[in-house]
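Each in C-alpha cells, the structures are laid out below.
Paired with chain B in one complex and with chain C in the other, chain A is shared by the two complexes that follow.
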Partner chain A sequence: MFPRQRRSVIAGSALLLATALGLTGCSAGGSGGGGGGGEFDPEAPVTLNFTWWGNDDRADRYNRLIESFNEEYPNITINGTFTDFPSYWEKRQTEAAGGGLPDVWQFSDTYLRQYGESGLLADLGELEDQIDLSTFSEGLLATGQLEGQQLSLPTGYSAWAVFQNDDLLTQAGVEPYEGGTDYEEYSEWMASVTEASGGAVYGGTDYTQRIQNFELVLRQQGGNLFTEDGQLAFDEDDLREFWERGDADRNGVVAPQNRLEEVVPLSGFDSKFTASEMSWSNFLAAYSSTTAASHITMVPPPTTDPDAKDLYRQGGLQMAISADTEHPEAAALFLDYVVNSPEAGEIFGTSLGFPASTSKLEGATLEGVDAQVAEYLESVEDRLGDAPPVPVVGYGALEQTFWDLGKSIGLGAVSVDDAVTQFFDEASATLG
Partner chain B sequence: MTASPAIRPDAVAAPDSARGPVARHRPTGPARKRRRGDTLAGYVFLSPWLIGFFALTAGPMLASLYLAFTDYNIFQEPEWIGLGNFERMMEDGRFWQSVQITLVYVLVGTPVKLAAALAVAMLLNFRSRGTGFFRSAFYAPSLIGASVSIAIVWRAMFSTNGPVDGALNIFGIDIGGWVGIPALVLPMMILLAVWQFGAPMVIFLAGLKQIPAELYEAASVDGAGPFRKFRSVTLPMLSPVIFFNLLLEMINAFQVFASAYIIGSGTGGPAGATNFYTVYLYTRAFTNNQLGYASAMAWVLLAAVGVIAFILFRTSRGWVHYTGDSR
Partner chain C sequence: MTATATPLIVSPEDERRPSPGARGRRRRATTAVWAIVMVLIAAIVLYPLIWMVLASFKPNEEFGSNQGFFPENPTIDNYLSVLDGVGGVPLSTFFLNSLLLAVGSVIGTVISSSMAAYAFARLEFRGRPLYFTLMIGTLLLPFHVLIIPQYVLFRNLGMIDTFLPILIGKFLATEAFFVFLMVQFIRNLPRELDEAARIDGAGHPRIFLSITLPLIKPALISSSIFAFIWSWNDFLAPLLYLNSPDKYPLPLALRIFNDQTGTSDYGATVAVSVLALLPVLLFFIVFQRFLVEGVATQGLKG
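What follows is the complex of A and B.
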C-alpha cells in the first residue's frame, strides 16, 4: 500500500513513539500515597469521589443520603457515580493499576484479600475519631478484617435461605416446604411439586450448582470452604460426593438446565420455572419484583445436622476507603454516615442487607419485605455460627467456575468426575 | 510550521510563472520546499489518527507483548516468567476447547457465508424491477448484525417456543430451544454469521458488474451453458474479489466476540459451547485477572491469523487471476 521507504519511516516513528509512551506510562504509576499528612480541618471545603454498583433504585437512595449528609457537612462535596456489578470490578481493577481508586467506595468481602493484601485500602481502625466501630458485633467486624486491620465495614448482612413461591405451590396444591429437614426430605418435597404440577412447574433449582450450598454442607460437618491461610479446606472426594448428591434430583425433579440457560441472567425461581430456590435473605425484595408473586415464604435450608451452626451472617456488601485518598478524615466521616447513621437506616431499609450497625438499625422502619427478612434472621438465630475465613484471592472467579461446572453437569456435557478434576485444576491455577 | 507562511507567498508567486515547465519536471529549490510543506501539512492533518494509532493501538500492543511473558494480575507488578504462559496454554483444556470452537466457526461459517453472498449477488446482478430495494434489504443485516440487540433477538428466536422452535414443530421436528443445547449453539452462531452476508455481497456485486459482457457473449457463442459460464468466466474473473472477501471474512470470524458473549451470557455457556477464543481471552483477563495469560493468548491469535493470511496469499497465486496480469 505504501511505497517501501515510506513504510520504514512510519515503522520507525511508530517504534519511537511507542517507546516514549511506554516510558511515560511507567512513570505515572508511582504517585499517590501522600495523603493525610496535615492536621484535619473539619470546616475545609473538600470534594470526595464515591462510587457503588447497583440499579436506579439504589442510586436514588444514595442521592438522598448524600443530600442528607450535606445538611450536616455542607463543606464536603460528594461526587457519586455507579455501574452494574461485573463492570464495577473491571473498572476498579484498572483504577487499582493506575492509582486512581475513588476516595470512598462500595466494597465486597469477596475482594478483601485482593485489594487488602495489595495495600490499596485504608485502615479504618486508625480513623476512630470519625468512624464508630462500637455499633458492630465482633462477628460482623471480622468480615472486613485482614491481618488485624479493619479494611472495610459491612452495610448490612444476610443469611442463606430457601425461598418458595406460594402462588405456584397453591396452583400445584402442595404445602410449602417446612425447612430445616435433612436433604432427602427436601428432595422428596421438590419431587412432589414437580409431580403434582405435571411438569409445568419444577420443585426447585439444582442446589448443587451453588458453592454456597457446598459451603453449608461442609460447615454442617464442622468444616469450611477455605482455611485461614487462604487454601482450599476440602478435597476431591468432598466435592464429588456433593455433586453426586444431586444426581437423583437432576433426573426429572429439578428444572432441566437447558430451559434455564434460556432465561439467564434470571434464575429458575425468577422466571417461575421453579417453586423453590436457595439464596441470600436480602434477595427477597428482588425475587418479589421478578416473580410478582403475592407472597414468598422463607424457611431455613435443609441440613445434615440440626444442631450445627452452619449458617452465618454474610456481610458481603461493604464500604471501604482507598489508601491513597487525600482526605482520609472527610472520607471517614462520609463512610460512617453510610454505615452508621439512622438516616441511612431510614433511607435504605434492608436493601443493603439487614442493617449491621445498631445505630443504623434504629433509624430503619421495618415493614413489608424488610420485616419478613428480620423475622427470618431471628428464626435462624440458633443456626448462626462464626463467619467463615476471609475469601481467598480470586474467590469470585472460583465461585463462577463452580457454578459453570454445575450447569455443565446439569446439561450432561461433563461427568461429575471430570468436573471435579476441572475445578481443582482451576483452583490450583487461581490459588497458585 | 512557523516558517512556512513566510516562505510560501514568494515560493508560489515567483517561480511558477517564470519557469513553470522546468519546475514541474525537475523540482528545484522553492518547488521542493512547497512539496515538503504539503507533506508536513499532510502529516498534521493525519496527526489525530496517528496519535490515536500509536497511543491507543501500537503502544498497548507492545505493552501486551511484554505482558505475554509475565504473570500479571493488575495488583502486583508483572513478574517475568518467560514462556510460562505459552506452556500453560498447551495443557489448558479450555484453551483447546476455545481453539476448536473458533476453528469450526471460521472454517464452516466463512465459506457458507461467502457462498450465500455470491449466490444472492448473482441474483441481484440481473436487471429487474426492485433490485435496489432488495440490495438494501439484503445489506441491512450486516449493518446491524454485530450489535448487542441482534444477539439478544437471536437468542429469543432460538429459545423454547420461539419462532424457530415453532417452525420446526410444524414439520414434526421437536428439539426445543437451541440456546440450552450445547451441540446446537455453534450451528446457531454460524447461522447468525451467515445471515450477515450483506457486506461481502455488495463487494461481489461490484465485482460482477466489472466482468465485461463480451466474455459471456463469447462463451454463449461457443455453446457454454449457465454452469459452464459460471465456472469458466464468472469465477476466474471474480477471483480477486473472492480472495479479498475470503481474507476479510476469515479474519473477522476469528475475532467474533459480541454475539458469543451475549448468547453465552458472558460465561461461555452452555457448557462451554460459546467459549470462543476471544470470549475465553476476555474471561481470563477481566474475570480471572490473568492479564499475562490473556496477553499471551492475544499474541497467539495474532500469529495464527498472520500465518493463515500468509498461506492464503501464497496459495492465491495459483487461483487468483488479475486481468491484464501475465501470470
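What follows is the complex of A and C.
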C-alpha cells in the first residue's frame, strides 16, 4: 500500500522533472537559433561576454577600458571575466565543444589553427564597418590570418632581442655586447664576461635551448620553422647542427643548467647570475622589476647574415570574436575599441605588447622602459621581415618540448643525437 | 591463573633490577634516538610547508635570489597587498565563495548520501542490485568523460555562472564513494534495532532519523571531512562553470596571482597559499579526533 503510493509519487515527479528539462532545453535552443539575424541597431541594448587571461594589473586596465568604452556606447554592457593562462585555455576547450564561447575574447596566435580551422572564429574582414584594419601593417595583419580570413587582430607586438644587465657588466668590467655580430663573436663576449667575473656571473644562457633562436638561424638562411600548410620546414640535420653549435658554450661559458634549475620559474638573468639573455622585447618591463638593475641594454640578436630579414613582429596577443556570437556588430565595435582606440593606448601603454595599431600607438605615452622598447624596435626596423607562417596546431607543446630537450642536453641527461630523434618523434605525433 | 602468569612477566624484570640506572639510560637513549629520527622525518615532510610559511614574509625581489629558508628582510607587505584581492574583488569574497561551496557540499553530501545509503542497505525494491552496481560503476567513470556532456546539460538549463552546477550533484547523492561508505556502515548495524523500532510503530523515516543516523555518525563525520577538503581544493568544476571573478573560489583566485604571462607576484602567491591553507588546517585540527575515531570504528565493524 504505502510503497506503491510512494512509487507513483516518484514516477510523477520524475515525469514532471523530465518535462521541465525538455522545456528549458527547447527554449534555450530557440533563443540561440533566433539570434544573429536582422539589421544592426547601434542604439539597441546589448550584453557581451568578454574574457581575458592575466593578472591583477591587467584586470584593472581592462575594467578602466570597459568604463571608457561605455562612455561612448552606453547601450553595450560588457561582462568582463578573467582567469590565468593555462586555465583560460582549458575552459575555452570545454566551451568550444559544448557551446558557449564568449563573444569577444583575448586570443593567442598559437591557437589560430586550432580554433580557426574548426570554424569557431568570426571573419573580422566581414565586419569592416566596425573594425578599422587600415591601421595595421601587412605583416601584423598576417599574424591573425588563416586561409584568406582575418580571424584575429594583434593588440601589440614584440621582436626578439638580447637583454644585458649593465650592473653585472660594470662589476665584471666588460663592455656590453654590441649586437648584430656573428654567433662566434657573441660566444666570445659571453666567455669574456664569465672569465672576468671569475665565474660569479656567467656571460649568458645557452641560447640553443629556445626554439625562437633556432627559428632565427633558419630565417637567416631563408627558411622558417613551419611551412604554409603546417608541416616542419627543417630536417634532423638542421636541428643537430644547431644544438651542436652550443657544445663549446655549454663547456663553462654559459650558466650551467643545474644552477638554472634551482631558480625556476625565474631565469638566470632574473636571478642576476647571467649577464645576458635573449627573449621578446616586451620582457623588458618584467626583467627591470625582477633584476632591479639600474639599466638594461637591449641589442639585436647575433646573425649569420647581417642583411637577412630574420627578425619579425610577433603578434602573439590577439583579439577574436566567436563565430556564433549573437551580436557580431556590437562585438566588433568593442574589439575595434580594444585594438585601435587611442584610449586603449593610453590605458594599456605597452602592457599588451608594443601597440600594433597606429591609432592605438598615438594614444600611448611612451616613457621609461616603453620608450626604450620603442627605440629598440625602431633600431631593428631593417632586420624585420615577413611574419612566419601561422604556427601549427600544438605549437605550444612543441616549443616546450624543444626547451625541455635543450635543458636535458645542458644537464648531460641526453645526447644531441637522441634529443634530435626525440624531438622529431614528438613532432610527428603532434603534427599527425 | 594470575598467580602463575604474574611471576612469568615479573621475572625478567627481577633479573634486571640490580642495575636500574643502566636500564633507564638505555630506555632513554632509545627514546631519544626515536625522537630524533621522527623529528627528522617530520622535518623532511614538512619542509615545503615551512618553507612556504617563511617565504610568505620575503619581499618580492628576494624570490629567485634567495632560495634559503629565512627571509633576509622580513615583511608583512605580501599579506597586506593580497587583502585587496584581484581586479576589484577583495580576497574575502574568494574566501566566502570557497566557504559557501564547501559548506554546501558537506550539507548536500551528508543528507543525500545517507538517505541513498539507507535505501540501498535497508529497503527492498525491484532492481536494487542493478542500481547498486550502476552506482558503483559511476566510480569507474573518469571525470574527464563527463566534462562536456555535463557542461552542455548545465548550459541548456541556464545554470552557467551560478553555484548550482557545482552543488546540485552533491544534493543528489552523485558521490558514489560516500554512498558506498555509508551503505557498508549501515549493513553492519544489527537489523534487530530496526525491527525493534518497527515493532514500536516506527516507519522508515523514523527509523532512519532516530536509529540509523545516530549510529552512523562516524561515517557521516568522515564523509563531511572529505567532502569539505575535496570541495575546498576543487579547481576544475569552478573553472568550468563560473565566469565572473566575484564568484571565484580560492583555487581559481590563487592561479590569477600566479599568472606566468605577466610579472608574477610570487610574494602574493605564497601569502595567499598560506591563507588558503588555514581553514583546511583548522577544520582538520577541530575534526581530526572524529576522523581517527571514525576510521577506528569502521575497522572494528568490519
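The working rule: the second predicted complex is superposed on the first by the 397 of 432 C-alpha atoms of A that agree within 3 Å, B and C clash if a C-alpha of one lies under 4 Å from a C-alpha of the other, contacts with A are read in each partner's own complex, and residues count from 1 in each chain.
In the analysis below, contacts are C-beta pairs under 8 Å (C-beta built on N, C-alpha and C of every residue); 3 or more make two chains touch, one makes a residue touch a chain.
Model, not experiment: these values are computed from the prediction.
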Clash-or-fit label for the pair chain B, chain C on chain A: clash
Chain B versus chain C as contact partner of A:Thr47, first or second or both or neither: neither
Partner chain(s) touched by A:Lys407 [first = chain B, second = chain C, both, neither]: first
Partner chain(s) touched by A:Thr170 [first = chain B, second = chain C, both, neither]: neither
First (chain B), second (chain C), both or neither touched by A:Thr81: second
Touching partner for A:Thr94 - first (chain B), second (chain C), both, neither: both
Which of chain B and chain C A:Asn55 touches, first, second, both or neither: second
Which superposed partner A:Ser134 touches (first chain B, second chain C, both, neither): neither
Which superposed partner A:Ser294 touches (first chain B, second chain C, both, neither): neither
Which of chain B and chain C A:Thr430 touches, first, second, both or neither: first
Stretch in clash, chain B with chain C, out of 37-45, 73-81, 91-99 or 271-279: 37-45
Common interface residues of chain A - those touching chain B in one complex and chain C in the other: 21, 25, 86, 90, 94, 97, 262, 265
Contact footprint of chain A on chain C as seen in their complex: 61, 63-65, 67, 86-88, 125, 147-148, 151-152, 155-158, 160, 203, 235-236, 239-240, 243-245, 252, 255-265
Chain A - residues contacting chain B, complex: 14, 17-18, 21-22, 25, 86, 90, 93-94, 96-97, 114-115, 117-118, 120, 256-262, 264-265, 394, 396-397, 400, 404, 407-408, 411, 413-414, 422, 425, 429-430
Contacting residues of chain A [partner chain C, same complex]: 2-3, 21, 24-25, 28-29, 49, 51, 53-60, 63, 79, 81-87, 90-91, 94-95, 97-100, 262-263, 265-266, 270-272, 285-286, 289-290, 292, 351
Complex interface listing, chain B residues touching chain A: 54-55, 58-59, 62-63, 74-76, 88, 93, 155, 159-160, 176-177, 179-182, 265-272, 286-289
